[in-house]
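Supplied in structure tokens, the structure appears directly below.
The letters A, B, C, D, E, F, G, H, I and J name the chains in turn, as written, and every chain counts its residues from 1.
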């Protein structure tokens, strides 16, 4: 299996930290090593935090990304650093979640993409946001994310 | 991301409480910040209470709202206060649940909406009510709510 | 919301008990308060018992009813008393479950109905019975009942 | 292993049903086949029903019995028929649960006994009753029953 | 079993609602029908709501009561109405939970009592309060309440 | 409900044991008591054992059968005895599971049938086998079996 | 680590099957490789079957063994074959479970032993049997087996 | 119940954000409203983040605090802001967790305190840290925190 | 059932270990014993490990294979040895998972195949990869794999 | 908090891989940063593999370590590399698990240590091994590891 598709990367195996803002964060891509098949890649990130634009207080979310690669894969360390770059970013939940999805679509040019943010409750009521680029292509397998709905207590 | 869409709000960041009745409660809306995508927003409210029209005794429910925004998002604090306005309201379970759904549809003009009430048991038998405006639009992702069916004991 | 639809009921708020047989039990109906929407009502009854026609010994089941109201709703207390009227009734599992579903369909004239009995094991093997009147109408939301399949031990 | 300890039984392998009342029900006993060891026997009965003394309506419970045999074991079919004999019996939850425990103690003369009733909710609030004859003897292993506490909805 | 211990009750089987304040609410007691045994009675109430003293907004809690009766049992309907009387009461979580426990102790004179409030999150952080009158008496069985610790999302 | 459909049975209520081989086992059928409805019957058997054809060692499986009756129902005791007849039978997992399904189809002539074997792991890797006669008929409700996928440890 | 303690074994790595009866089954032992520490070994066997002495029908159980080795360990393949030797053995649940425990104690001479059988339900009521040789020695860690109590349906 | 104990607080109901460092963060205290009882207060914070001292990358933890108040309660909003002040703080897991516990002990002077950090995995291996001031006082009830041990996948 | 289809196998019942590389590993096939039915075979392997191509450190995955046999079945021991042959193989997650799927397709010529790898987290973010050969054929039953999405802590 | 305690480490932040054998693996230690408190550190490692001494085939385990530090903490990366060094090591389950515990005790000189291996099943029966150095010191909090007991299927 071709190791060389990772040869140009700037961040993998380096010790640099995350960018200070999402705008500065650079997602890196590698060549799809299995271009003859349509398959789904899922990344699960339970360690996401940003700031509330109204109060400046921290928000937290559990994120799940599903996509069908086109010509490239997103490199996982650069994805992690991209998510970390929201640490001091102010964002509304709906806008932030869909915005991440839209940016990934624009940069990655995947065949299909689904992205969800499962936000922690504020005022006793959590928000979940579910975005995708449209119906999944025929014949590709996309399991449910099955992150539990918020339960409260008891 | 545009903070300004929240600039006209009356309730966000204010200390006023809930209206005394659902009729008096005012849902506020902000401009959909991502109008180019169809996505689903889910609010989960496990803290709902109203009164039984027959006995006057309190009823409780766990509510879940899913919708695809049209031109506006419902602002989450006003939604919370709207739910709180049922505290002294007398309502049958089926009527109350569908009625909330219908009002949200009328006011929000969402592209699609789903609303469920999972009521606590009375007489050993709980009622769940599942309402939606019709089939979800093609290509939009709507995960199951997956609130557990009532189990009894054992 | 119209309280008056409950005005004619004989059993709600009364202290009379269940009928002695299913044949004698009377299901009561009220006007559908939200006739402009198609929605699903779910009743979950984990407290059902009847008698085995062969041995006379008690059987137990966990029942779940889903339906889309037509012109009427079934009143929940009369439904509870109807279920209780099977206490001294002898019934095979398949026949009993489908028979309840068929009777509800005949009396209620719902737009659609689904009814399941999850029976306790006999001879180490439980029976579940799943009945519905046909495919659910387009555009109506019917979540899975998701009652766990029998597991045995371990 | 001695089959003969079962030779005197009246109910095992017979087709007779349950007695009509707990008072008429006869618990049968067999000789403890392992009298040199102190061990715990657990019976779990999720199929128990009696009647409410105030309303006459059915009550349901999930029962768990733990005991350390003395000279005898309770025969399991007679125990099942004993539990079935409550079907038309009127009983308050606390009284009924402790009463069953006390009767089993009196008749069985076990070295130790624990008995719990996990009743289905009435008025939205279930009652659990936990009875035992005292601290378990030193050196005997008594796992927790771990029946889930009532959860409500959500 | 003695039905007569319930003969003096004012609220059981009556249609009166809850008192307007906890101070006005009257807990009723019946004679312990099994005074020769020490046993535990557990009531689980997932339907509790009060008001925040600072903001006036609703708070919710899941309550669990365990006690060993002395000469009396608390009657379950009067307990339900007592819990309902907090609906318009302003209370801090720690104070409210322990206060309910202390009042029950004072009025019931139980041999032992344990009371917990599992409050819904505020500011993303829920409070649980665990009160008991001291170590449980030797030889009495008190299973864990095992209400799940708050989990957040993911 | 017609008890008479059970009148011809040889095994129900008799004390005979299982046949020595699947070939000798006789499945008995009764008339479908609800021929006007299409419904699903599920039998769950967590107590199945056969022998490995290579090593002769015992194998175990958890079986679940779903079918839509045609003119007959399979009688549950004869089904139990049929499953027990594999106790000394040597069978590969795939062949055995599909073979049971095929035999039931041939004998029962159901409108549709689904049969699964969830085998215990050998070599650290369990096999599950999922058989059905084709797509379920339109309008019939077939819930997922939802037996958990093997998990290993941790 | 000394492989040689396994050198004398007759069954490990051989292809012989289980003995035909428990009496003929031979448990093999190896030298405790860590005699300076007191530790617990747990074997979990969800694949156990024997025969009912009354009806001759199969019984099933989930077994868990915990012990603190003395001078020897029980070799796991011989333990598996010992459990398999009950396949055609007739046994009452209480007697069988405690009998296995007592035999293991007699042969292994462990410092301490705990053995449980979690039997599948008969007549709707399963039996669990919990045996141990006495209190675990001070300072040794014995986690709960935490096999779920039988739940029934729903 | 005395509202006045909250009268002196600087942060409750104010809009100021978290301090920039733990050193600057000020925990506020109110008078224990129930000084005659020993009870436990639990705060669960699943939204904690700090920085790794070696790599500067974000760490995340789920925190649970249990304590028995002495003369004061910690005010919950100031506790939340204290936890938020670690957002840009560099901390090793063991040191950070125990350090928070020690500071709370020093400032609050509780009768007893327990504090745990359940950190997200690094290198595939998560660290949990469990600190308490000693054995809980006799007669006080301290339920297990029961946060699940890390599971990995499958 | 035909034992002879296993007669030509080289690895089943032999003591040889796994090949040193996936390239050297030989998957063996047997004739489909039920060629008249389309059914699904699932293998679950929670014991998979390979090496990271960048760091050389071990990676772990939970694998699940579903396929509809054509003329052959894959023999389970050879499949186990094939999975073991990755022990010293360096592989990126996406490439490795899809590559295994593609090889199985090429060699087995199944009617349909689905293969998933659920990898353990690296950098706090696990990758799942979902591959299939296209939509499952009409009328074949393919249950969800339902391996839980990664949860993190809390 | 003192970063300097990590200054002497050879492996943290370096790219060297695991040693080839446990004997060669070097565990590194840092000064206990909180020597005035007795607390428990838990490491959970679900990614452990070694080789069977009889067959040479891979074994897998889920490991959990709990200890109370004395003068030092074990550095987590060196612990990870130590666990990885068993990859080509042949080990019996009981011996390997207790041996790791004994080595950690000898090298770390903790105040107390507990170590468990939860091994994947072989022959359908998994082995768990539970080791500790004796009773935990008074006043230190050691939550249960609560790794689920093996369940089999169903």
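Note that a residue touches a chain if its C-beta (ideal position, glycine included) is under 8 Å from a C-beta of that chain, and two chains touch if they have at least 3 such contacts.
Chain-to-protein mapping (UniProt): A, B, C, D, E, F, G, H, I, J = NADPH-dependent 7-cyano-7-deazaguanine reductase.
Predicted, not measured: the structure shown is a model, and the values here were computed from it.
Q: Which of the two pairs, F-H or C-F, is linked by more C-beta contacts?
A: Per the contact counts, C-F leads.
Q: Do chain B and chain E, two copies of one chain sequence, contact each other through the same residue numbers, with over half in common, or through different ones?
A: Chain B and chain E contact each other through largely matching residue numbers.
Q: Which of these, D-E, C-G or B-E, gives back the A-H interface, meaning over half of its contact pairs coincide by residue number?
A: The A-H interface is reproduced by B-E.
Q: To lay chain C over its twin chain J by CA atoms, how big a turn is needed, in degrees to the nearest 5?
A: 180
Q: Calculate how many whole Å lie between the centre of chain E and the centre of chain J, each centre taken as the average of the chain's C-alpha atoms.
A: Going by mean C-alpha positions, chain E sits 45 Å from chain J.
Q: In whole angstrom, what separates the CA-based centres of chain F and chain I?
A: From the centre of chain F to the centre of chain I is 27 Å.
Q: Would you kindly tell me how far, in whole Å, the mean C-alpha position of chain I lies from that of chain D?
A: So the centroids are 49 Å from each other.
Q: Determine the centre-to-centre distance between chain D and chain F, using the mean Cα coordinates as centres, and give it in whole Å.
A: 33
Q: Two-or-more-chain contact residues of chain B, please, as numbers and ranges.
A: 46-47, 55, 60, 62, 120-122, 124, 126, 144-147, 150-154
Q: Every pair of chains that touch: which are they?
A: Here the touching chain pairs work out to A-B, A-D, A-E, A-H, A-I, B-C, B-D, B-E, B-G, C-D, C-F, C-G, C-J, D-E, D-G, E-H, E-I, F-G, F-H, F-I, F-J, G-J, H-I, H-J, I-J.
Q: Using the touch definition up top, name the residues of chain F that touch chain I in the complex.
A: 53-55, 90-92, 94-99, 101-102, 114, 116, 121-132, 134-135, 144-146, 148-153
Q: Within the complex, which stretch of chain F touches chain G?
A: Counting only chain F, the residues touching chain G are 15, 17-18, 46-47, 49, 55-58, 60, 84, 87, 120.
Q: Show which residues of chain F lie in contact with chain C when the two form their complex.
A: Where chain F meets chain C, its residues are 1-3, 6, 12-13, 33-34, 36-37, 39-47, 62, 64, 69, 73, 76-77, 79-80, 138-147.
Q: Given the complex with chain I, which residues does chain H contribute to the contact?
A: For chain H paired with chain I, touching residues are 46, 60-62, 118-122, 124, 126, 147, 150-154.
Q: For chain F, which residues are in contact with chain H within the complex?
A: Where chain F meets chain H, its residues are 151-152, 154.
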